[in-house]
Amino acid sequence: MKVRYFAWMKRTVGVAEEEIVLPADVRTVGELVEWLRTRSSGHAEALAAGAAFGAAVDQRTATFDVRLAGASEVAFFPPFTGG
Amino acid sequence: MKVRYFAWMKRTVGVAEEEIVLPADVRTVGELVEWLRTRSSGHAEALAAGAAFGAAVDQRTATFDVRLAGASEVAFFPPFTGG
Amino acid sequence: MTVRVQEADFDVGAELERLTNGNRRIGGLVVFVGLVREMHLRDGLHRERIEALTLEHYPGMTEKALEDIETEARRRWTLEATLIVHRHGRLEAGDRIVLVAVGSPHRDAAFEACEFLVDWLKTKAPFWKLEETPVGEKWVEAHEGDDAAAARWAKK
Amino acid sequence: MTVRVQEADFDVGAELERLTNGNRRIGGLVVFVGLVREMHLRDGLHRERIEALTLEHYPGMTEKALEDIETEARRRWTLEATLIVHRHGRLEAGDRIVLVAVGSPHRDAAFEACEFLVDWLKTKAPFWKLEETPVGEKWVEAHEGDDAAAARWAKK
């Protein structure tokens, strides 16, 4: 599964995207966040519990309880500031 | 003083504008309306008591109690339907 | 602040370019373009198509009214640029009638001021529409919705 | 219904001409153009000018989000034509960022739908602004006013 990061999260994690093999016990976006935090200090900082960030599953905005079964791309990003 | 008519009022009165000499006892827009009604049947119809029309004195919208002293142009017209 | 009444069509892109060019304080530009809509008039059993219309106006008063409206908008909102171009004469379905453009640092002010200008234009500017139908010419009657639209701004 | 995300500038007049051309059911066209406003950032004792910004976006998701927003607008209002063009990449003060245009038989619907689209764009489309200041780059933080502006449409 592809995991992507945007804006300042990309710089904090250190990569724009990475391929991961999803562990069997990681079933939701929230569980993925917890698992990713253990990968590096950059991940831990970007995905910290108090940080304001959102997620998308297969390019649609997703809350943390959304299931990952069948998903090919998950993204994390700060609040949108466009327009 | 010049008196002007617009839209259907121009056709009903029969002229787009006319020069009048204001009688001494005609002091307001309302008094001018009453006086103009006596000039022809077209005037009487266009400026009838129940008709919906507005007025302007020197090209600014005016209510019927506005005084005519010093005015050089009075206009009568149906409600605006532009834009 | 620009107000123009003209018979000729206007070029929306060129007008906006001229309006905002060089003003780096504008964050939002809101534009209204009014067009002649193809309409049908139900008259007895027949449904008649309106082919075109003629916009009569009161030269001199029109410019004063548009300037008054624009001054009022600038009193209510912080605006960097305003433009009103209104056509008169004969217009066919699909033709542009009016252009109202408002540039402001903030988009809320631009939206509100533009809608205010359009609502007021409909009720405070001396224009009258004469429609051409297959059965003859017909003066358009005032629309109650327009008065209601203009009236909501009186509450401010 | 058209949604485009592009690095290149757009020509407002040409876009509107293409959008409305031949559609004689449009009575009102409301257009929003968002521009990069020259801003100043207060940072300690210094007032630093923002020279330019870079708009990062999420290709793929952006188009989906813009299409969702447009579909929602068309569900709520009777619209004849809608267009969203959003730029990404580096932009300087005075540059155009976004174009939103809505054509409807009635002006009220056009105004409401255009403002709705702009409010939603700010909060639902995956764009992030990186500002260039004389003291370095700075990611823009989310603006509470934008969430409030988008939230008012949830009541409908």
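Here the chain labels run A, B, C and D in written order, and each chain numbers its own residues starting at 1.
Please note the rule applied: contacts are C-beta pairs under 8 Å (C-beta built on N, C-alpha and C of every residue); 3 or more make two chains touch, one makes a residue touch a chain.
Remember, it's a predicted structure, so these values are computed and weren't measured experimentally.
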Query raised in the report: Most remote chain relative to subunit A, going by C-alpha centroids?
Result: B
Query raised in the report: When the centre of a chain is set as the mean of its C-alpha atoms, what distance in Å lies between subunit B and subunit D?
Result: 49
Requested in this report: Mind checking the centre-to-centre distance between subunit B and subunit C? Centres are C-alpha means, answer in whole Å.
Outcome: 26
**Report entry** Chain centre separation (subunit A, subunit B; CA means) in Å
**Finding:** 73
Query - Two or more partner chains touched - positions in subunit D - result: 34, 118
Query - Interchain contacts, given as pairs of chains that touch - result: A-D, B-C, C-D
Query raised in the report: Can you list the subunit C residues touching subunit B in their complex?
Result: 34, 55-58, 60-61, 64-65, 86, 97-98, 118, 121-130, 139-143, 146
Report task. Over in the complex, which subunit B residues touch subunit C? Could you list them? Result -> 4, 6-8, 52, 56, 59-61, 75, 77-83
Query - Residue numbers on subunit D that touch subunit C, as the complex places them - result: 11-14, 16-17, 20, 22-38, 93-94, 105, 107-108, 110-111, 114-115, 118, 149
